[in-house]
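Several structures are given next for inspection.
Here come two complexes built around chain A, the first alongside chain B, the second alongside chain C.
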Partner chain A sequence: MRSNRVGWLLLAPTIAILGIFGIVPFLYVLYVAFHQWNPFGANPYMIYNGANNFRRLVFDNEFLTSIAFTLKFAFFAVLSEVILGYFLAQLFMKEFPGRGLFRTIHTLPLIVAPIVVGSVWRLMMTPSIGIVPYLLKSWFGYDLNIGRDATMAFALTVIMDIWHWTPLVTLTLLAALVSLPKEPFEQAQIDGANRWQIFWHVTLPMIRPAILATVFIRLMDALRTVDEVWMLTGGGPGAATRYLGLHIWKIVFPKTDYGYGSATSVIVLYLTLVMCWLLYVALVARRDQKRAS
Partner chain B sequence: MRANRPVLSILLWTLLSLVTLFPIYWLFVISVKPAVELFTTPSVLLETVYWKNYVKVLGDDTLRRYMFNSIVISTGNAVLVTVLAFMACYALSRFDLAGKENIFFWTITNRMAPAAVFLLPFFLLFTQVFVIGEWKLYDTRTGMILLYCTFNLPFAIWTLRPTIDAIPKELDEAATVDGATTWQVIREVIFPLARPGLAVTLILTWVFAWNEFLLAATLTSFNARTITTGLSEYVTTTGTEWGTMASIAIITLIPALLIFSVVQRHIVAGLTFGAVKE
Partner chain C sequence: MKHEIRMGLAALAVGLLTSVMPAKADFWSDAGAKYKGVTLHGVTESTPPSNYIKDVLAPAFEKATGIKVEIETTSWDQMYDKAIKDMEAKTGIYDMVYIEQDIIYAYLARDFLVDITKSLKDDPSLKAPDYDETHFTTFANYFKNADGDLFGIPMEAFIKLYLYRTDLFNDPAIKEAFKKETGKDLVPAKTHEEYTQIAEFFTKWGKDHNLELWGTTAQAHTGHPASWYEFFESVAPTFGVYNWGIDASKNYSASVANGGTMNSDKAKAALKYWLHLRDIAPPESPASTWTEVATTFAAGRAAQGLVYGENAAWIAADAEKSKVVGNVGVALPPLEPGVMEDAEAGKGYIGYYDGGAFGLPITSKNKEASLLFLQYIGQDSVQGDWAVAAPRITNTATYDDPKVIEMDKKLNGYYTMLKNDGKLFAGAPPYPFHAQVREATAPIFYKILLGEVSSDDGLDQMAAAAEAELTNLGYRK
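And now, the complex of A and B:
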């Protein structure tokens, strides 16, 4: 009557599309990574060269610099967003008039295209037309030039990311906070715990899974940020904001050195997965250890 | 629990809202100023509104083509993804398929992969492997519609699954007893009940496809270029036409703003792989 054949038939198109556009590219990039292949080079054919591409990568300074900058960016952006997002979520826990409206406004950046976010920040920060450099100059006499100042360019990419993604953290943590039971808090207050003790011993352990999930998602996204940063700084000045995605897109890709480019892509994918896995293990294992003792 | 100080909360949130809204307001300000006024003292207030930037953008054949492509690709992708996800979720929910939870989990891993990593393989596949005679998948709207399935289809399956699971099985069993075919059950029983979930999925996948940039920038050159790519071209090639760039950015932003109020409550669930429900 309800044979499983119908079920597989309904599922087949999904499996086919995700197979062709998910698994095939992955296997293909892995295959090309072990070859020397530059169609516009002296020898345009694919030649197997073992792990040579990977050996070259270890000494590729541009690539290593990009990894370092990407980690720095992800670290500062995600850390600030989680701290800020937690405080904002706590603020939303109180009742006050207009809460719904403020919440709507706060959600707005999430739906703005990353490329538009980059454009907006560029229009605000470009020295000749931007409002921010102008005000900094006339109020404090400070010259903000993201085309020249590497530290400021880096800081601004972080700030832009905070503007764009803190709302996600706020709303995620808010959902977690709302769902918490009231009793442990009341009990802690009766026992005379102060605010910090309540946060550390009651709130934090209970919302840890939510924080973990949020950090996980934000970290994955921060590690692959491309669009906004490209629009704001173009990866510059120098290589100061040329994060891994930009590095692949703007440096590796145009060189048509496909074998080497594939090896770079494989390593970036590997690093992303390893970092998230390490985070997961570090946080989950610690919790399990505590539970066991 | 704590003393309620509504005035303080309101003040703080007003300030935060200004920080959130100002960048978008500034984008609008730049888009309605003539080029000569931009380089005088920047002013936050608008005295006159100058619409010529928009007239220019909407009258530009290339940009109109990009907008048209964006609409075709987003709509094509959203419809395809929603239909496929609906079928897949029905199958996962109502049939006892071997290893279906593994399949379900596998779909999400497709969404987690960084796009930049797949630029090169996709480019090579689209220009050299997925080729039939003279016809390549590279720079076609079909190619982009299919490609966007890699991140939108997992998302759609994740958002739709709970909706389909929540529809009582007794309903389709009763219909089957009455002699309905699987197709009739899907059309007459499941579809009407799943409609709100389907609408949200359709809208959000549409926005994600509309907003996408990196893959479109690499895998199209002219025929299938999208508006987000057009926006980035304006910065890198001409550089100084800020007003035009701002008005393209506003046009790119409009669809998202229009539907924002409708799907506001579902955005967070969508962006966290359904890990968080509000």
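And now, the complex of A and C:
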């Protein structure tokens, strides 16, 4: 009984912080989502409008387009980061000259603020002043213009995200790989398993929790990305890189449509939860069920 | 000898008197004494005039009053984001906010700002002797309410003007080639047809001579509202489409069918004209906002262009930043027939009179100290150096400042143009829903820029979207 009370006491600050900065704002957003509220409208006050904001979302082409682009972005970025991160983690498991230096350099993007990453990439990519368009033109005769080429703008946001966040995946997977016991690998080798079989039947199952945690973190981040993309493309050209985070930002801040923006935020949160749940079911729950049966 | 003794005694007396009498403090140190230790926080867009406030006027004010001023200069979007959030949530972080001319109506509608005129009347002890509202140019009228009370101290005012390269326009070989090709003399354009002809000529000239030179600038970003603004504030008016094509007197109509002009034939002609210019502008144009347009011109990559006046001084005179120092000419924008007559009659305008003021949020926790600072930056005495550092004029007397007259020569008469022809330009229309209509229509505008929708259809869609948004906001019944 006493230890229970001490436990709650120790948890109290965390619960209070979570309540103040997480639960209360969320409940407020949920409340606002059921209102029409634009402070620059003819009536600047909140007017209850039921589920109208949510109904409006279903027919909002810009929102639906934004979902499609965001999912595409998240898929390519997260998948590439996990694959690349795994290979880099495996590389760092090996001894080679300059490993420490290379690992430090490889980690550097992580400490750069997203807004700075976006600014630097913009400087590098802007036609006529950026080094990348200049080199592409000089070497391959290719005109890179992120103001005109929607596909290239999309690809660059993915590449920028990969550059920025792959080190996080590498570090997480490296920690997982380092902590693995040697015995299962030795046994597999004795049993004559090849490298692919060792990877598929030994390594992957053992680091699955680390991969899952990394994928969840990166997926949630990718679904709400704003700063980097805002700096690099501003959401353009057109709506090609107007991902959900940026879309919501534009509704809430420049357009000051607080009610509709809140409804959009709630739906995006719901979508994120559903996606994570689906991923969890696909990768963990089904496997556990199989084992149990 | 007696005379010398008398002089010596007099000097001694004066010396003794000055050493024993307390120094007569000036208004600023007296007024600031009450607020010593206070730190004022302001947020503004990072522009040359704002940077001057941050770097020069704020430290000078602190020296004079003991009141510390911290000015946050940030991007245009962030500036609004921070200021509106602060005033909306009533957090009182900022004591001064930058009010661009086009947002003042929205701020006034929400009672975000302190009435400066009334506040100084109510507490005369705060009124600085060298500050006088009547000293401002007529641009200050944009920041007044219906009663004539001022809600923002004008801190920048400039026109978006037509800049051209005098070295290119006066080059005998180029002049001869232009004459041969077009049959005309190479002089700054007065019509859109002439402007297009010059732009096409220089783009071809650059290509033929393997130069990094194009015929015109274009503020045509495909994902930033800068392109929307260039069209509706600087190009459409020169075709006779005013107030963004929205007619407040006709139930806030935008479409021709309902009495607006956003999708009128004139607007469609204007957009086609501008899209053609965009196509022959430097390749960075689809990624260019107002900042990049200025740097493009300063880098010598364009022969002519519409450039915000706030950048004119450094482009024309700062050799560290600009490659075209001494080679910049200024002119009025090219126009369609009838537009100048409209402007002179007060029925229209020929371009954008941009600018902003520093306002005092009603939520500020240091209103009195802020009022002192606002008056400080509004005095005639600080305007001359400020105008030289950043080409903006908000006080009538500044035009006669010797430093400004000297600078005017370097800028080929920009200040003279501002003084004489400023009345032909206009700020944004007095609507409290700027950002809302812009954000509702901009996505379609970007589609037009990308060729995903034709310019004619796009403008029809934009007019419909504007009306839908105005209905949603409750302005259109």
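Note that the second predicted complex is superposed on the first by the 265 of 293 C-alpha atoms of A that agree within 3 Å, B and C clash if a C-alpha of one lies under 4 Å from a C-alpha of the other, contacts with A are read in each partner's own complex, and residues count from 1 in each chain.
Note that in this section contacts are C-beta pairs under 8 Å (C-beta built on N, C-alpha and C of every residue); 3 or more make two chains touch, one makes a residue touch a chain.
All values derive from a computational prediction rather than experimental measurement.
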Look at where chain B and chain C land on chain A after superposing the complexes, then choose clash or fit.
-> clash
When the two structures are overlaid on chain A, which partner does A:Ala113 contact: first (chain B), second (chain C), both, or neither?
-> first
Go through the superposed model and pick first if A:Trp200 touches only chain B, second if only chain C, both, or neither.
-> neither
Does chain B (first) or chain C (second) touch A:Ser128, or do both, or does neither?
-> both
Which partner does A:Ile15 reach: the first (chain B), the second (chain C), both, or neither?
-> first
Regarding the shared-chain residue A:Phe75, is it in contact with chain B (first), chain C (second), both, or neither?
-> neither
Could you tell me if A:Trp277 is touching chain B, chain C, both of them or neither one (first, second, both, neither)?
-> neither
Which partner, chain B or chain C, touches the larger number of chain A residues?
-> B
With the two structures laid over each other on chain A, which partner does A:Ala175 touch: chain B (first), chain C (second), both, or neither?
-> first
Looking at the overlay, does A:Phe253 come into contact with chain B only (first), chain C only (second), both, or neither?
-> both
Of the partners chain B and chain C, which touch A:Asn145 in the superposed model: first, second, both, neither?
-> second
Region of chain B that runs into chain C when the structures are aligned on their shared chain, from 26-34, 134-142 or 188-196 = 134-142
Starting from the residues of chain A touching chain B, keep only those that also touch chain C in the other complex, and list them.
-> 126, 128-129, 234, 253
Okay, in this complex, where on chain C does chain A touch?
-> 77, 80-81, 84-85, 88, 106, 109-110, 212, 220-225, 282-288, 292, 295-296, 301, 432-433, 435-436, 438-440, 443, 446-447, 449-450, 452, 472-475
The chain A residues in contact with chain B across the complex are 1-2, 4, 6-8, 10-11, 13-15, 17-18, 20-22, 24-26, 28-29, 32, 88, 91, 94-99, 102, 104-117, 119-124, 126, 128-131, 134, 163, 167-168, 171-172, 175-176, 185, 189, 210, 213-214, 217, 220, 223-224, 226-227, 230-231, 234, 244-246, 248-249, 252-253, 258, 261-262, 265-266, 268-269, 272
Within the complex, which stretch of chain A touches chain C?
-> 38-44, 62, 126-129, 143, 145-148, 150, 233-239, 241-242, 250-251, 253-257
In the complex, the residues of chain B that touch chain A are 1-2, 4, 6, 9-10, 12-14, 16-17, 19-21, 23-24, 26-27, 30, 38-39, 41-42, 44, 84-85, 87-88, 90-92, 94-97, 103, 106-107, 110, 112-125, 129, 146-147, 149-150, 153-154, 157, 176, 182, 207, 210-211, 213-214, 217-218, 228, 231-232, 235-236, 242, 245-246, 249, 252-253, 256-257, 260-261, 264, 267-268, 271-273, 275-278
